[in-house]
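There are structures below to look over.
Same chain, two partners: chain A is paired with chain B first, then with chain C.
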Partner chain A sequence: MAEVNRRDFLTGLGVSVGASLAALPGLPSVGVAHAQGTPKGNIPDHPYKIGHMTFFTGPAAVLGEPMFKGQQLAAEEINATGGLLGKRKIELLKADENAGTDANVKELRRLKLSEKIDFFCGITSSGNTPALGPVAEDLKCLTMFVDGCTDFLFDKAVPNPHYVFRTTNIQSADGITTALAIVQTWPKSKRIAHIHPDYSYGRNAFDHIKIVMKKMMPQAEVVSEGWPKLGTTDFSSHITKAISSKPDLVVSSVWGGDYVAMYKQALRYGMFQKAKFATTLALGVAPHALGKDHPEGVIAGVHSNYHFTYPGGDKWPLNKTFVEKYHARFNEYPNFQAEGAYTTTYMLKTAIEKANRLVGGWPDDDAIIAMLEGMMMAGPAGYVYIRPDNHQGYKDAMIGFSKNTDEYPFPILDPARIITIPIRSITAPPGWPKGEPTSTFTWIDKTWPTAKV
Partner chain B sequence: MKVLVVVVLVLVLVPLAWAGHELTFYPAFYPQEVSVRWVEPRAAAPLLRKNALHAYAGADPLAGAPSEKVRYAESLRGWVVLTFARPTGDAEARCAAGAALVRALGPRAPFVAHPWPVTPYHDDYVQQYDLVQRARERSAGAVPRVRAAGPLKSALTAAGVGVAPDAEAVVEEITLSSLLDGVETRLAGWHGPAWLKEGWFQAWLLEAPALPPAAREAAEETFRRRADGAPLPAAERVNLERRLVGQATAGCERVVLGYTLRHEALDDDYNEGVENIAVDSQAGVASPIFLRTVKLKDFPWNGWLHVGVEGGARSAWNPIAGFTDPAGRVIWAAVGDPALLLDPDNARFVPNRARVQSIEDAGSVPADALVPVAGELKPAGEGVAARTKIVYRSLLSNLHDGQPMTVADILYPYAFVSRWGVSGARTYDPEVERATAALRQALAAVRVVRVDTETRTVEELKLTYQVPLVEVYLKTAVDPRYAPALAPPWSPVPWPVMALMDQAVERGMAAFSEREARRRHLPWLDLVRDPKTGAALARLVSDFERRAWVPEALRGLVTPEQARQRWRALAEFHRRTGHFLLTAGPYQMGRVTPASATLPVFRDFTYPLGVGSFDQYAIPVRAYVRAVERRGDRLAVQADVENVEKAGRSYKIVREPFTPKPPGEATREALAVHWTVVGPGDEVVAAGASRDVQGGRLVVDLTGRVKPGLYRVILALALNGNLVNPEVTVVAYRAGG
Partner chain C sequence: MSTVTTTVALEHRSPVRTLGWAVPALVILLALPFVVDQYQTILLAYGLVMGIAALGFNLLLGYTGLLSFGHSAYFGVGAYTVALMVKYLGVTSMELFLVGAIVACVLVTAVFGIACVRYTRIFFGILTMALSQVLWSLAFKFFWVTGGTDGLRVPTPTLLGLVTGKGDKIAFLATAYYYYVLGVFVICTLVMWVIVSSPFGRALQAIRDNEVRAEFVGIQIRQYRWVAFLVSGVFTGLAGALWVPLNGLTTPDIMHWTFSGEIVFMTVLGGFRSFTGPIIGAIVFNYLKTYAVGYTVYWQLLLGVVLVVLVLSLPTGIVGTAERLWARWRAR
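== the complex of A and B ==
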């Protein structure tokens, strides 16, 4: 593969700092202001039942509760205008994903068969989407997963989806996004230390960071690998190992409470003075889940595609309005799950309205599905596109640098240094053969050029 | 006897590629480390202010100098009583003296005026509510001269009440903890008595010492009938409890003036504070539920929790009759895992490591069941009778030395109590006898039916647990509310530690209880902090390992080779940690100093409970009666319920009309109305709790329950089982005729 200039290649990918979104006219967007006029045909007035399953208890509730709130906010807005097609109020039925995979499968069946839900939504865990996806197909239950982002869902568990969709980016985007942010920001780093959790997400992040670096920073070498075992609370051996390898940069995909424990221990060792630091998930939980002692200037991943401060100010009114409404309703700031569920609900609404315009009356699920396939919608995070071939939602990825401000009691992303990446540039294109560990990995490996040192 | 195969717990990592970033199960509870520091309130104040303490179990260190970032957990602390040293004359005058004191104190009273020993912090309050109101109506007599000390003396003096050291009556606070001292069972994983938190029981403990012999004898008979645990119709049971409290208070030898509340400080700072907190309505912060729910705000999970405890750590640290002071209780709450936990919001128990599967009539005891006799577990053979069979699932895990628990670990305690709890035996400790009296009286036999393999899939993890199914046979019929707590099959420490303690005490190295240690001039057995005892225990362990010693009770359950392995692991554990407090609890004994103990979390994936397992106990919510409507022989109760709306690192509670939840939206416990029907003669004619919802209203169906006549129906609502300080509604009800 020919060598290229790194800066030129990044420009070609569309990696940019501080870019703002441009409105594309004619596309549907979230919000009831865009509700259609009088629907065609006879519309029933009984509630439209949505089964929302996510974590309401346990460690993942920090993700799940905002997810439900995002859908709740959208449902309240839609109901305030009369409901879907002005007639059918949305009724949300909650189910706790913390019940376990087997119980979740049973609950989905119960929701569909006994509660007669019209639509199934939610799901945080990547352990659950591959189990629930086939069941939803079997039940012919129109489903949009908000998260559960494993590539496995549409690669293998539901390779030919009809009823099942997912709106959140796939997992491989996390590692690639962080890697490209490193390439963009600290391209001359040579000595890289890694600390990743010793389970598949950590390995996935490591693989994808490494393959991007191999292409874009060929001078870089991995000088240390730390793989904290599951349940690790003492990260000191991994931190000191990383420091002793004298790295220019430490990269980590540790998440949640483990990440907080790790960075607070790293503070004690002065790790952030000794090396630069990049993460896939520092801000990838919920805005309030991180303390202000978190180091500033760290590349802080947000699980690929949303942090409430971007697009900021008045540059993208859909986000400004969403954040204001969400905060007014729930007295907190939304995370990526909240945005995902909010946008998902409006995608459903839009699909129903479009289908109604085509067929009149209340559209059947197949008509709604046809409208969802290939839909592009403007949401708070920007545009989300549902690829018709695999029912996967794609949003442009974004990442930034942690910063403390007086405005918030937690760190945010520095508004002046947001890095955005078109999702098409970091995802294997349609038709690319399935690969290991992921199709995107093999696509990068086989098609990206190597940058000149 | 057949040798049971050692149970092995397995953690299987399945190489699946689909796990997301979010693992959804973390074993043990939120903090990654708990440090417990015993520190007096004055010294705790600056620590709280600089976030070096997150919670303080004890008096308010900031009393008089409140801080915005500190909030308080409220729980019942005790009672303020007026006790007559030599009660003479009529009871009426003594009762009136109590009322006069309360009136004289008025708003200066450093307690909540409440003239009845059963308080809103007892879940049988609703069944005695009318008696409380009647006591409130007592007329006030002459204000007596009293003895008093501390804040009570100050308040009485300020109110113009004569306080003199030679007065015959004393006004004093009697704390709940002092009342339960020497009454509560906290031996190994057992907790009792089963009615530990109930008002009638505590009222008896409070009043009995002040009763003259004749009155006491009569009341004791009522107490015995109530405390034998036999199942009774609800009305009969409630009447017994009311009669007992009535008998105990009728003479006003000890007049309850009110109750006191404990306000324990919690750091509520945005970054450094704690949240998601459950505290026991009676034990407060120093309760197992606190450590199983509390979360540091800066951490989705993990973090270093700092707890301060008032008073020193004087009691020895052994799981048989140690850990008796507040510091010991907090440490044992973290390191030891009980069979059942006390529900923080009512008087019942909730499952922890022993989980009831069924309670049945026993028929007879199977011949292969084991009967504990004089330190052995003997086959029951034919002809052993039992009335009740309780089937439990016991949640085993790895111990802190890496060894998997086995059924031998959960059976050994039964043998132990039969060896040390029987007066007159060579091996005897009166504290073990007292604490296990109810168990020994009730237990007929125990039988391990089988060991099930249960799995849990968490992302790419397939966790496999071994769960013994154990039948416990009781000699008598027992109220199903109490039966699970009597003799659950569980032990927080493994059999080698139990056997080691047993041998050490038998050989005169130490004593289990403080009382016996004093009597025999021996050290109080401490598995952690006594180097001399530790060295002696280490020698014993070495000897046991060399001999592959199997305790008599476990012959047939454990092979010599298995025993050798366990002794070897225990010896290695001691070499590594310097102590013998080996458990299977959520936290481990770590570094100990003269003023603190550090307890690292045990995030071992064989531990069956996880972060968030008890989240539904944090932030208790309440329900309120909006209206009661009569519909024939039924009462329809319209309710308001509280709902928690979480917001970032805080929450608010909103009150909203009750609407039934769909079946999938499980809550800890459905909304219930607790009702008591009181007749004209103050007798309870019917009582119960209803969760029957019809048309959005809770229904109390009195059809056929009461004879024609005029009644009062006392109602209180419990949401999520929360019966703490409920709002009570009384409605008149005329039946038939």
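== the complex of A and C ==
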């Protein structure tokens, strides 16, 4: 592969700071403001049951629980107008993802077979979607995972999904977004230390950061790897190991309550003075979970999905109203999970309405699925597109830099330095053969050029 | 540990009296898929599988007086053997899975047993736990072999070379697989009944009640304990192998010591001083945990409270308490 100039290549990918969005006319969007026609045919009026599983306990709850709130908000809005198709009120059933993968499998079966849920939603951990996806297919249970975004789900665990969808960005996009932000910000870094949670998400982030660096920063070398177990509260050994390798840059995909514990401990060791710092998910937690002691100017990932301050101001009213409504309802600000679940609920609503217009009456799951496949919707974060071939949601990736402001009692993304990347630039296209460790990994490896040092 | 080593006679009713309740119970279990919905049958299959594990565990706790805190290891060995047979050998036959799990468990428990049976009481407990954690970390860290925390997926197996789960997997699990599990469960229960009623089983109880006397009678304590350890591990491993197709995948969670704790919990819940206690405990615990997780986010708290109440007020477990109440009622 020919060598290219790094800056030219980034420009070619569309990596840009402070990009703006333009609205497409006629596109479905979240919210119930726009009037819908009277539904066709007879609509039953018994509740539409949604089983929602996410972390309600444990260190992951600061990231996962807002997901439930996002869906709750959407459900309350829809119910206030009479329910789905004006008749069927949404009834939410909670389940705690923290019970462990095996218990979650059992619980999904219970929800579908015993509680007779119509729709399954939620899931935070990428350890759980590959376990639950096949079970949902077996159960013929219409499912939209909000997160649990591992590439493995649609690459291998459920390669031909029918009932299962997922809305937030695919996981490889997360590592690549962070890596490209590093390439753009600190391209001369040489010694890279990694701290990642020891499960599929951490390894996925590590793999994709490495492959992008191999292409864009060939001079960079991995000088240390730390693999704390998910749910760890003591990171001192991993922090000291990273510091002792004298890195220019520490990269981490530790998330949720684990991340809060890690950055507070890293402060004590002065890690942020000794090296630059980049993360995939620092600002993924519920915003108030971080304190103003969080270092400023670090690359602060939001799972490549959404931060409530962007698009800011009046630029994207869907976001402004969502944040206002969420804050009014829960007295806190949403994270990307809340946005994901909120948008997911409206995608479901839109699919049901479209299917009703076509077939009349209450549409069966296959009709709803046909409407979800290929759906594009404008949500608070921007446009989300559900690719029909793999049922995966795609939206343009974003990341930024942490900054303290007077406006909020916690750090936010610096509004002046938001980095956005068109999603098609960083994910394998439809039809690309399934690869190891992921399709996107082999796609980058085979098609991206190497940058000149 | 004092409760374990005190002299407690495990009841041995005459076979005829046992049949008096075992046959109706079996008839109910056989008829169940026709009466209750699929979900309840699948849930009961989980309970029966855990019943086999707890039955094996109780050979050590109830009959030999050794509290193992590492039985998750053998459950996991059974489960991972199946998963690795699928991954590397492409096997789909459930019978081969069971044979493979037994072989693997014999190998692992034989080695672990040599180390563990040299000790008793807390030392035995700690050692079994430590060894199980070794296996857990192997399953956790060697992700290119074991899938790490993602675990390994196991498709529906072929039963007796005839029945496959192609098509409706839920129906398969709720009927064919349920009966398969029930069959293995009945066989395991009978085999365990024979073991504990045999001279070997009596010798184990003698060792439990008084080690020194047992040695003076000429029982080779360490060998007997080792064999008990082996049998116990194999039963638990067999349960692991049966559990995987039911769950669809195996993860390192089932090798973690907290899962060993669950096996201890279910045995204590049912009552480790009776033969049927662990089975009842396993089935009840399975319902308890499933519904606790389903109905409240404070499920850990609920399980903790149950355990505390159990230890404080029902030290003989469900079966022991039921027997006492029954005896009191009859004495009137």
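Please note the rule applied: the second predicted complex is superposed on the first by the 399 of 453 C-alpha atoms of A that agree within 3 Å, B and C clash if a C-alpha of one lies under 4 Å from a C-alpha of the other, contacts with A are read in each partner's own complex, and residues count from 1 in each chain.
Operating definition for what follows: contacts are C-beta pairs under 8 Å (C-beta built on N, C-alpha and C of every residue); 3 or more make two chains touch, one makes a residue touch a chain.
Remember, it's a predicted structure, so these values are computed and weren't measured experimentally.
**Student:** Check chain A with both chain B and chain C modelled on it and let me know: fit or clash.
**Tutor:** Because the two structures are overlaid on the shared chain, the partners are seen to clash.
**Student:** Who does A:L230 touch here: chain B (first), chain C (second), both, or neither?
**Tutor:** It touches chain B and chain C both.
**Student:** So, A:D174: does it touch chain B (first), chain C (second), both, or neither?
**Tutor:** first
**Student:** In the superposed arrangement, which partner chain does A:D258 touch: chain B (first), chain C (second), both, or neither?
**Tutor:** first
**Student:** So in the superposed three-chain picture, is A:D138 touching just chain B, just chain C, both, or none of them (first/second/both/neither)?
**Tutor:** The second partner, chain C, only.
**Student:** For A:K106, is the partner it touches chain B (first), chain C (second), both, or none of the two (neither)?
**Tutor:** Second partner only, chain C.
**Student:** Check the residue A:K94 against both partner chains and state whether it touches chain B (first), chain C (second), both, or neither.
**Tutor:** The answer is both, since A:K94 touches chain B and chain C.
**Student:** With both complexes overlaid on chain A, does A:G31 touch chain B (first), chain C (second), both or neither?
**Tutor:** Neither partner.
**Student:** Let me test your reading of the model: by the given contact rule, A:S200 touches which partner, first (chain B), second (chain C), both or neither?
**Tutor:** In the superposition, A:S200 contacts both chain B and chain C.
**Student:** Tell me which partner A:G83 touches in the superposition: chain B (first), chain C (second), both or neither.
**Tutor:** Touch partners of A:G83: none, neither chain B nor chain C.
**Student:** Check the contacts made with chain A and report whether chain B or chain C touches more of its residues.
**Tutor:** For chain A, the partner with the higher number of touched residues is B.
**Student:** Which one hits chain B, of these parts of chain C: 44-52, 62-70, 170-178 or 242-250?
**Tutor:** None of the options clash except 62-70.
**Student:** For chain A, which residues belong to both interfaces, chain B and chain C?
**Tutor:** Comparing the two interfaces on chain A, one with chain B and one with chain C, the shared residues are 57, 94-96, 100-102, 107, 110-111, 114, 127, 130, 150, 152, 157, 199-200, 230.
**Student:** Within the complex, which stretch of chain C touches chain A?
**Tutor:** So the residues of chain C touching chain A come out as 37-40, 42-43, 46, 140-141, 143, 148-151, 153, 169-170, 247-249, 251, 253-254, 289-290, 293-294, 297-300.
**Student:** Inside the complex, what are the residues of chain A that reach chain B?
**Tutor:** Residues in contact with chain B: 51, 55, 57-63, 65, 93-98, 100-102, 107, 110-111, 114-115, 124-127, 129-130, 147-153, 157, 171, 174, 197, 199-201, 204, 230-233, 253, 255-258, 260-261, 264, 280-281, 284-293, 303, 330-333, 409, 437.
**Student:** For a test of understanding, state which residues of chain A touch chain C in their complex under the given definition.
**Tutor:** 56-57, 94-96, 99-103, 105-107, 109-111, 113-114, 127, 130-131, 134-135, 138-139, 150, 152, 157, 198-200, 203, 229-230
**Student:** Residue numbers of chain B touching chain A in their complex, please.
**Tutor:** So the residues of chain B touching chain A come out as 16-27, 30, 32-33, 270-271, 298-303, 456-461, 600-601, 603-605, 610-613, 615-616, 645-650, 652, 662-666.
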